[in-house]
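Each of the next two complexes has subunit A plus one more chain, namely subunit B in the first and subunit C in the second.
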Partner chain A sequence: MKRPMPDLAPELFRPALFDEAAAELTGYAHYSYWRSTMRTFLKSPVSIFLLALIVVLVTASFIYPLVSPTDPNRVDLDTATWNMEPGSGHAFGTDGLGRDLWARAWYGTRTSMLLGLIIAILDVGIGMIAGALWGYVKRLDRVMTEIYNVLNNIPQTVFLILLTYIMRPGFWTIVVALCTTGWIGIARFVRNKVLMIRDAEYNIASRCLGTPLHRMILKNVLPYLVSILIMEAALTIPYSIGSEVFLGFIGLGLPLDTVSLGNLVNLGKNNFMLYPYQLTWPTLLLAAITISFYIVGNRFADASDPRNHV
Partner chain B sequence: MGPYVLRRLGQSLFTVVIVVVSVFMLLRLMPSSGYFTREDYVNMDATARTAYLRNMGVLDNPAIQFGHFISGLAKADLGRSIAIYPRTPVLTILAEKAPYSLWFGLAALVISMGLGLGLGVLMARQKDKVADGIGTVYVTIVRAIPSLIWLFLIQQWVTGLLGWPMVFYGDRPVSWILPTASLSLSGIAWYAIWLRRFMVDEENRDYVRFATSKGLPRRRVMTGHVLRNALVPLVQYFPQQVLLTIAGSLLIESIYSIPGMGGLLVNAIRQQDNPIVQALVLLYSVLGIAGVFLGDILMMLVDPRIKLEGSGGAKAGKA
Partner chain C sequence: MSDDTILSVRGLGVEFPMGRKRFTAVDGVSFDLRRGETFSLVGESGSGKTTIGRAIMRIHPISKGEILFEGKRVSGRIDASAERLLRQRIQMIFQDPMASLNERAKIDYIVSEGLYNFRLFKDEAERRAKVEKALRDVGLIPEFASRFPHEFSGGQRQRIGIARALVMEPELLIADEPISALDVSIRSQVINLMNRLKRDRGLTYLFIAHDLSVVRFISDRIAVIYRGRLVELAGAEELFAHPLHPYTRALLSAVPLPDPEVERLKKHVAYDPSIHDYSQGKPSWSEVSSGHFVLGNECEIRGWKA
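Moving on to the complex of A and B:
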C-alpha cells in the first residue's frame, strides 16, 4: 500500500545554525589579529562615525584655546550681558556673570578630556604592570590579593572624599584619588588573563616547540592584553569625566575658577529653572563625549574578541 | 565546606581590620582646625583650642585612640557624634536614618531585578533586532551619561509634568515614586546588560545546540538551559547588593531631600565628625565583605560545578 508523502511545506523547516567564523576556519590563511580586529571594528558605520566625532571634539577643544581671543573667565560688570540667550553674539549664551559659554564649553571639554586621558593612561599603565607581575610572580599573590580586597571593599565614595579632603581639591587630587582605586581593577583583570594565557595549551605547545620568549610575548600573550587595555582606557575616560561631575556636585571637584565640564554642569544646574540653556549645551557636549567613548570602547572590545572575527 | 568557610571568614575578618585601621589613621591626618565650628575657632585662643582638642581626645596617640574605639565597640558603643548632631550616640543616628535608605533600596532592587532581568532576556532573545536596539540605547544612556545629569532632569521634568512634589515627604506616598524609580534605573541597566551578555555567551555552547537540534522549542531552550546558566554569575552579586542598600544613594537622597544614610558619610567627613565616619566605614566594609563572602557561597550552592577552593571567579566587571 502506498502512503502519500506528507506535505513538506518550507515553513516546517528552519535553517541550521550557521556560524560564519567556523565556516571561515577552513579557509584560514593569512590571519592577522590586528587586521581582523580593525576590519571587524570598522565594519560598522556607527563606530566610524563616533570615532570621528571623538577626534573632531578632542581636536577642537585643544585648538580652540589657541586660536580664540575669548577669555572663559572674563567677568562682565555690565549686567546687560548676564544670562544672555544663545545666539546673541554668544553661540551658547552667557552665564550669570556674563562669561561666554561657548568659550567655557571648549575650555571645559579640554580640562575634562585631559583629566580623563591622564587617568586612563595611569590606570592602564599601572594596572598592566602590576597585573603582569601579580600573574607571574607567585609570591606577590597573597599581598596583591589583600590589597585588592582592601581597595575593593572601602566604598569608593569614602575613598574619594577622604583623599580630596586630605589633599585639598584640585586637578591632581582628582587624578590621584581616581587612580588609587582605578588601577587595581585593571590589574586584577590582567592578572586573571595572564594566568589563563600563560598556562594555556597553545602556549605550552609553543614553548615546547622552542618559540623564543619575545615572540611568545609579542604574538601569544600581548594581543589578548592590548585589546583589553585599549577597551579599559576607552571606558575609563567617560567614567573619570563622570566622577568629576559627581565630585563637583558634592563640593569636592575642581576649584570654581577652573573651567571643566563638571563645573559647567553644576553651575548650569543651579540656574536650570530660569536659564535651561546654561545646562543643556554643556550637557550635550559632555554626553556626546562620554557616549562616544562608551560605545567605541564596547565595540572595540567586541571587535577584539577573536570569536567575532571573520 | 566547613574548613573552607572558616578560612574565608578568617580572611574576611583580617580585611575588615585593615580597612578600619587604615581609615582610622587617615582620619588622624586631617587638619585639627576641622574639629571647630568657624566661630569657635575665631573666638578661642591657642590654649583654649588645645584644651578643647585634648578634651575631645584627638590629641592622644592614635594607637590609644584606636584602643578606645575598639573597647567601645566591644560594649556596642560607637561613640557620640561631634559636629553633625552634637553628643547624640552614633547608634541612635544610624537607627533613625538607615530605614529610609533600606526601604528605598530594597524596593528599587526588586524593581531592578524584575525589569532588568526581563529586559535582559528580551534583548538576548531578540539579539540584533529592534528590542535589542532599544535596550542598548537605554543601557548606553544610563551608563554613559553621568547619573547626576539625568537624575536631575527627571526630577525637574517629571515633577513638573505630573505635578508631583519635588522633594520627599514621609506622609505623601506619591513623593516616594520618583526616588524609587530613579534608583532603579541604573540597576535595571546593570541586570539587563550582564544578563544579555551571559545569555549570548551561553547560547553558543554545545549543549544549547544539542537541545536545539533535538527539537526543543526555542522558548524552552532559552528559559530551561540558557537563562538558568546565565544567571549563575549574577547570583554572586546579589547578597552584596541587598546588604549595601543600607548605604543609600548620595545623589538621589540629596536631590529629593530624603533623610537617609546617603549624604551622612560625606557630611561627616566634611565636618570631621570622626565617630560617625568610623562607624560608617566599619559598617559598610563589614557589609561589603560579608556580601562577597555570602555571594561566593550562594554561587557554589546554585552551581555545583564550582569548586570550593577557587579564587572567587569575579566574572562581571565594574558594577
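Moving on to the complex of A and C:
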C-alpha cells in the first residue's frame, strides 16, 4: 500500500549537508576514570565520615607532639598522680607511673601510623614489582610459586616471634618482620591480575611494535593495577598496626620506652581489673583507626571498579 | 622465488603445548606474498589462520619451517637488527578494536608507541608531526591525540589501530580479521581506507578473514586453510569461478546471495573430510592450472584437471 504524498513545494526543502569532519566528533564522550571513581566513592556518607576521621586522626597525631609540652614518658614520683581517673586535668587519666595517657595516646598513634605507612609502602612497592614480573615472565613462575609456598606456609606468629628474638626489638625489626612475609601476598594478587591482562590483544599489539618489557609493565600493566594497589595499601596499614599491637601484647613489640599503641595496650591490660580506662582508651583508638582504614579501603575498591560508575 | 616476493613462508608449522601432548595448529603451510598484492587467508574458526599471522609477527614460536622477509630469515633465532627490520616493516591490524587499544593510554601514546621503541624521531616536534599525519591519513582529527580510546566508536578505534601500524611506515600489513568485529555499516569505511592506503603507499596486505564476500571484493589471491593446512590457493576470481577442493566448495556455498529467489534455491554443502580416499596415494600440493594450487592425491588431481 502506498500512502499518497502530501502536496509540498520543493522549495520548502533544503538538502542537508554532510560534514565528514563534524561526523568524526560524534564519538566523543566525557569520561575521566579518576573523577568517576571519586564521585562514586564520595556518594556514601559513611565513606566521607570515615575518611574525615582518618584525616583528623593522622593530622592530630602528627601535630600534637609538635605543639604539646607534655612529655609522654615523664614519670611522676608523687603517688597521688598515679592511676588518676580520666578528667581531673588528664583527659584520659594517668597510668601506673603517673604518665599522661592523653599525650601517650597521640604519641602512640603517631608511632603506629608511621609503622603502618612504611610497611604498606614497602609491601605494595615490592609486591607490585615482584608480582608484575611474576605474572609477565613465564620462566619466573615456577621459582616465585615455590617462594610463595615456603613463605606462606611458615606460621606468621612463629616467624614474627623468631625474628624479634634474633634481631634487637625495635621499630625497624618489626618493619622487616612484617615486610618479609607481607609482600608475597600482594605479589600473588598482582600476578593473578597480570595473568588476566597479559594476553589481551593490546599487549600483543605492543609486542608487534617491539615494545620492551619495562615499558610494557609501566604502560600496559601498572595503570590497570593502580586502584587495586591503593586498596591493598589501605588494607595493609590496619593489618600492620594490629600486628604491632599483637606483638606488644605478647611482650615482643617495641621497647617499652617507645610509645606505641601496642605498648599502651600491653601496659593497660595489666591494670585492666582495677583501672579499665587504661586499656579501653588505646583500644578504642586502635579500633577507630583499623575499622576506618578497612572500610575506606573496601569502599575505594568498589568505587575504583568501572562497572560501578553509573 | 621471484624478485617481487616480499614475504615467503616455507613449510611453516606451529605447535602449542597441551598438557603433555602438543597440539598442531599449523602444519606445513607454504605461500609467497608478492609485493603490492592483497593475499587473503580464509578458513573457519580454529583453522590456524590467525596463528599464521602471529607466527610471522613472532608472537608464537614456530616449530617447523622458516619465514623469509625480502630474502632474510625472520623466524627462529634472529639478531637484533633483523628483529628491528621485522618490527618496522611488517605491522599488524587486529580483530577487536575494543580490545586492541590500551584503555589507560592516550591516543598520542598509542600511535607513537612504535616510534618510542625505535627512536624514530629527532625531537618532540617531529614525533607530534608524525602522529598528526598518521591520524589524518586514517581520516581522524589530530586533536584526538589527547583523548582516551573509550571516547571513540568501533570504526574510529579500528582506524586508530591502523594509524598505530602506519606510523611505522610498514611495507607489509597483516590484517587479522580487521572488520569482523565491526558493524556492517562501518565495515566499508575501514575496507575503503585500507584500499586507499594500499594504492597510495604500495602496501602489501596479508588479509585474514572468514567472510568470503568481503574477501572477494578486496583480494588478488586467496588461500583456503582447513585444520592448519592449505587446501587451495588461486587468484580471487579463479577461486570463485572454479573452486576445486570440496572444502572450498562448501565454504563458497555458505556465502549469502542478495537475491532471495536465488538464495532460496541454493544448496548448502557441508564438508566431510571422509570423502577423500587417501589410503592409496597421500595428498600433495599440486598446480592444477596456472597459479591454481590444490591439495589432493593423484587420482583427485587428475579428475580436477579434466
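Everything that follows uses one rule, which is that the second predicted complex is superposed on the first by the 259 of 310 C-alpha atoms of A that agree within 3 Å, B and C clash if a C-alpha of one lies under 4 Å from a C-alpha of the other, contacts with A are read in each partner's own complex, and residues count from 1 in each chain.
In this section, a residue touches a chain if its C-beta (ideal position, glycine included) is under 8 Å from a C-beta of that chain, and two chains touch if they have at least 3 such contacts.
As the structure is a computational prediction, the values presented were derived from the model and not from experiment.
Novice: With both complexes overlaid on chain A, does A:162 touch subunit B (first), subunit C (second), both or neither?
Specialist: After superposing on A, A:162 lies in contact with subunit B but is clear of subunit C.
Novice: Have a look and say if subunit B or subunit C is in touch with more residues of subunit A.
Specialist: B
Novice: Given the touch rule stated above, what does A:204 touch, subunit B (first), subunit C (second), both, or neither?
Specialist: Touch partner of A:204: subunit C, not subunit B.
Novice: Between subunit B (first) and subunit C (second), which does A:171 come into contact with in this model arrangement: first, second, both, or neither?
Specialist: neither
Novice: Classify the contacts of A:62 with the two partner chains as first (subunit B alone), second (subunit C alone), both, or neither.
Specialist: After superposition on chain A, A:62 lies in contact with neither partner.
Novice: Just checking: does A:82 make contact with subunit B only, subunit C only, both, or neither of them? Give me first, second, both or neither.
Specialist: So A:82 meets neither subunit B nor subunit C here.
Novice: Taking the superposition as given, does A:295 touch the first partner, subunit B, the second, subunit C, both, or neither?
Specialist: After superposition on chain A, A:295 lies in contact with subunit B alone.
Novice: Across the complex, what residues on subunit B touch subunit A?
Specialist: 11, 14-16, 18-19, 22-23, 26-27, 29-30, 140-141, 143-149, 152, 156, 204, 209, 212, 247, 250-251, 265-266, 269-270, 280-281, 284-285, 288-289, 292, 311, 314, 317-318
Novice: Help me check something: in the complex, which residues belonging to subunit C touch subunit A?
Specialist: Spelled out, the residues of subunit C in touch with subunit A are 54, 57, 59, 83-84, 87, 91-92, 94-96, 99-105, 109, 113-114, 116-118, 139-141, 144, 147-148, 150-153, 156, 161, 164, 168.
Novice: Mind listing the subunit A positions that touch subunit B in their complex?
Specialist: Touch residues, subunit A against subunit B: 17, 19, 145-146, 149-150, 153-155, 157-158, 161-162, 165-166, 185, 188-189, 235, 238-239, 241-242, 245-246, 249-251, 265, 269, 272-273, 283, 286-287, 290-291, 293-295, 307.
Novice: Give every residue of subunit A touching subunit C within the complex, in rising order.
Specialist: Spelled out, the residues of subunit A in touch with subunit C are 20-21, 24-29, 31, 33, 200-202, 204-212, 215, 219-220, 223-224.
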